[in-house]
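Each structure below is given as structure tokens.
Both complexes below contain subunit A, partnered by subunit B and then by subunit C.
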Partner chain A sequence: MTMIHDKVQNTGSALAISGVSKVFNKGNDNEVVALSDVNLDVHTGEFISLIGPSGCGKSTLLRVIGDLTGFDSGTVQVSGKTPEDARKERLYGIAFQQAALFDWRSVSKNIELPLELAGWDKSARETRSAELLDMVQLSDFGTHRPWELSGGMQQRVAIARSLAVDPPLLLMDEPFGALDEMTRERMQNELLRIRLETGKTIVFVTHSIPEAVYLSDRVVVMSPRPGRITAEISVNLGDRTEITRESDNFFHSVTAVREALRLHDTSGSGVSSHRGEI
Partner chain B sequence: MNSKLSYVWPPILVATLFLGAWQLLVVIQEIKPFLLPAPSLIASEFSNGATLMWGAAVYTGTTAFLGLLFGTVAGLFMALLAQRFITVDKLVTPLAAGLATVPIIALTPILNNMFNITSRTPRVLVTTIIVLFPIFVNVMRGLLQVNPVQLELMRSLNAAPRTTLRVLRIPNAIPFFFTGLKIAAPLAVIAALVAEYFGGPQEGLGSRIASAAANTAYGRAWAYVLAAIITGLIFYLTIIAIERLVTPRSAPALAKS
Partner chain C sequence: MSSTRDRISKGTLSLLWVFAGIALIAIMWELTKVLGTLIDLPFNTSDQAMPHIWTMFAAFPLPEVRGSDTTVFEAVLAATTSSLMLALGGFVIGVTVGLLLAVVMQRFLFFERGLLPFVIASQTVPLIALAPLIVGIGNQISFGPIQWSTTYSVMFIAAYLAFFPLSIGALRGLQAPTPTSLELMRSYAATNNKVLWKLRFPASIPYLVPALKVSAAASVVGTVVAEISTGVRGGIGRLMVEYARETTSQPAKVYVAVFGAIALGLVVAAAIAAVDALMTRNFPKKGIV
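Right after this comes the complex of A and B.
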């Protein structure tokens, strides 16, 4: 992990976001400033988490990067390209909270979907999906239908699908949010292993503090109304092992993120973020 | 095995009790056949006239089948065309409600005048129109009620609308299509049968029911009704069998998680 981290620090920018703002329902009574002057640079190979309460714009920011939604001002560069060009050139893979697998396709065919759309021929697709099934440790399940798999297994298929065309960037929107705690921790380790094997740059949206700390090189803290970045906390845990989650270092980072979140919590209660809406 | 039996027994038991009570009521109360013929009378008329029943059922069944075929093709075509313009699922429901109020069967006399009344054409046409609507509405729903996350995924993969239609919308619509077919198939038999009440060739179930009733042969009229029910059931069960073949087994109906 450290090795990859050091190597990639020098290889340039995977993502450059500068002065990005986005307003929903502009000019209406229910106008919401989803993103306000967001600046963020991500190095190639870096793992960053976006964390914050509901409505802080973390998912919106992820969608802006993926060109799934537009933005009003500022610039975004994904591998030096506009988000639209990056999407059209398939420079990123994406995984959502829902695995969103196609029920009418086998597990293998689900993983092959991005390859089909990218025009790969059949034998190349099959070789690649077998490779990816192996990576997510589901080699025996290629011919199964998605609904025959557990939630964690479905999410692993979704991750394999997001890696299919071997894009340099991986966008993940709370991919483990619907999983139970045990599965979730196992999936986190899987993701770190996949990251080591592939060297992908990963932008990971979550609202779990321990998850963000455990996975990331850097935790980006966001706060709502208007959605903006309020803190960036570097995490230096080295190689994650079984005892990482119990180490002092881990607790210090968790505390640092928690305090950064609390600092900008406008509700004062430390939990709710809905003050002033009643 | 056990669970299969538990599905079969209750309807058989209910049907037997119902027919028994019916028979008993007719015999004890000495109800005249023009009011309510006994099941035994209907059964004997049915077996005595089996050849005639079969011929009539084949005639009406052919009309129904042709109407179902043309209506399905037309409904599918219309849905594929319409989904390019109607992109919001909310619009489909009022459209469906509006279409449901059109008294299509009442068009038969008009169609009889427009086309050759001695041919099957006006009947097939009415059946086609009746079938078209449930197919159209259900397939539209299936094309539009797509998981938004899957749509986002398709966008992230830079899929053209045509590709999204082929890869996501059409497969998504297949269960909806079968729902439409299951509504349309028995409806096709009813439409083909009722269309015969407005004149034309006298070979079908509808014509036979009408003429038997006009001749006070009530047992026979009811026997033809029974033949019509069986024809409708055959259509329905055929669709179910095709659905089983086409859609993978034990797929959860709402596996959208």
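Right after this comes the complex of A and C.
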């Protein structure tokens, strides 16, 4: 499979985050600075990963972008709009670690849910869900129930659902975190293919260094207490192929990310200790 | 599909168990009578107190009272149908009220805090004490030409018992969606009403079905008890009391009324089982809750 990253045009600002801070339990004894002075710009069509140990605020940052949680200071612009307006105008799609498919709906109807809420009519919804099922290679499973599918297949449905209204931005919170390693690598290739076909801007939260490096144009390294961005590492792997993961270039990028993580690691054990990843 | 066949054979099997259970009770009944002739039991096992099963069935076609055209069976059937209608009415009212309460309590924390203790307290009032009170108050109510009748009181009491399990079950069900599902709906800019219809209600079904079962049983019990304690005529509750007074002349008669009450329970249970199968057909067969 050939991945031509250079074909994705890096023009315009998809996401502009400037001086964002967020504090949980403000004023209490258990006050936690989840985000401290976070600055991040993401170009249209760019794939960035947020990586860091638990508590570094990467999921919080994703939720701030999606207006699933508020923030205390700074500015966030999603396609030039406030997160709230962007959410209300359905300018992003989101996928979580749990596929969170609705048991009582068929696979197709799950994908059609955001379309129903956006007021699409029935025939347009059906056309769109068939199109998306085709994209995630689950055309034969439209009438199945979610619980009849494997974990990887469920996650593909969740990705299809996040793309339903064709939003320019895709937010992904460890979507492959619950999958086994083989499925995970296959899903990574799937995601890169979909990214190439759709040209979406993607913000991807992960615990895994190789995953971040393999998928991203840029890896944003975060550190806890307080949650902040400590490094940004550009990845220039070109087309992802079967040997990409074994190339020196890949290894160098993984090392660079690991060292950036270690530099700010206060616990002394490194990010990999959390999940047993490389 | 095999899952459909599994379900049917499972249904047949559970029906067999029901019949086996009934047969077992009948056998134990007769064995107790035999035992009573051999040793001294602490209770009366004479034909007067415990008629034979076949005597009970033989009482079905007897005239209800001497010279009447109606048989005991017909009278019991009519009374059972009447009670069923009252129970059904109470059930529908109870379910509606229970659902509305659950929706309000889910939507506004204020109401959950404020209402839930009263909802729970409502069930600690003894029904026997409440029934005459409701009848008494009810009899003073009239909406223009429509006069409150005691049957409404019976329905009210059935509803009073039925709303509680439903509102508690429904509240739990409406609160069942995971934070992730709710965030997903938020990301779709779904309104509260859309979240209710597209997520909370469907997600509550696995909780709603057992609550419906309990509510249905409660509405039947409520109807029968209310009929007895208010003395309202026409239902199986009152009929049982009346027939119980005739045990000296026709000891088997009261058991026909008992069969009517059992049939009432079975009809309701079967109806709920059908609703269960219909409502949960789109859910995994196990792994609920």
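One rule holds for everything that comes next: the second predicted complex is superposed on the first by the 258 of 278 C-alpha atoms of A that agree within 3 Å, B and C clash if a C-alpha of one lies under 4 Å from a C-alpha of the other, contacts with A are read in each partner's own complex, and residues count from 1 in each chain.
Just so it is clear, a residue touches a chain if its C-beta (ideal position, glycine included) is under 8 Å from a C-beta of that chain, and two chains touch if they have at least 3 such contacts.
These numbers come from a predicted model, not from an experiment.
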{"item": "Clash or fit, subunit B versus subunit C on superposed subunit A", "value": "clash"}
{"item": "Partner chain in contact with A:Leu68 - subunit B first, subunit C second, else both or neither", "value": "both"}
{"item": "Contacts of A:Leu117 with subunit B and subunit C, given as first, second, both or neither", "value": "both"}
{"item": "Interface residues of subunit A shared between complexes with subunit B and subunit C", "value": "66-68, 87-88, 90, 92-94, 96, 98, 100, 102-104, 113-114, 116-118, 145, 147"}
{"item": "Subunit B - residues contacting subunit A, complex", "value": "147, 149-150, 152-153, 155-159, 163, 167-168, 171, 174, 248, 251-252, 255, 257"}
{"item": "Residue ranges of subunit C touching subunit A (in the complex, touch as defined)", "value": "178, 180-181, 183-190, 194, 198-199, 202-203, 205, 282-284, 287"}
{"item": "Residues of subunit A defined as touching subunit C within the complex", "value": "63, 66-68, 87-90, 92-94, 96, 98, 100, 102-105, 113-114, 116-118, 145, 147"}
{"item": "Subunit B-touching residues of subunit A, taken from the complex the two chains share", "value": "66-68, 87-88, 90, 92-94, 96, 98-100, 102-104, 113-114, 116-118, 145-147, 151, 178"}
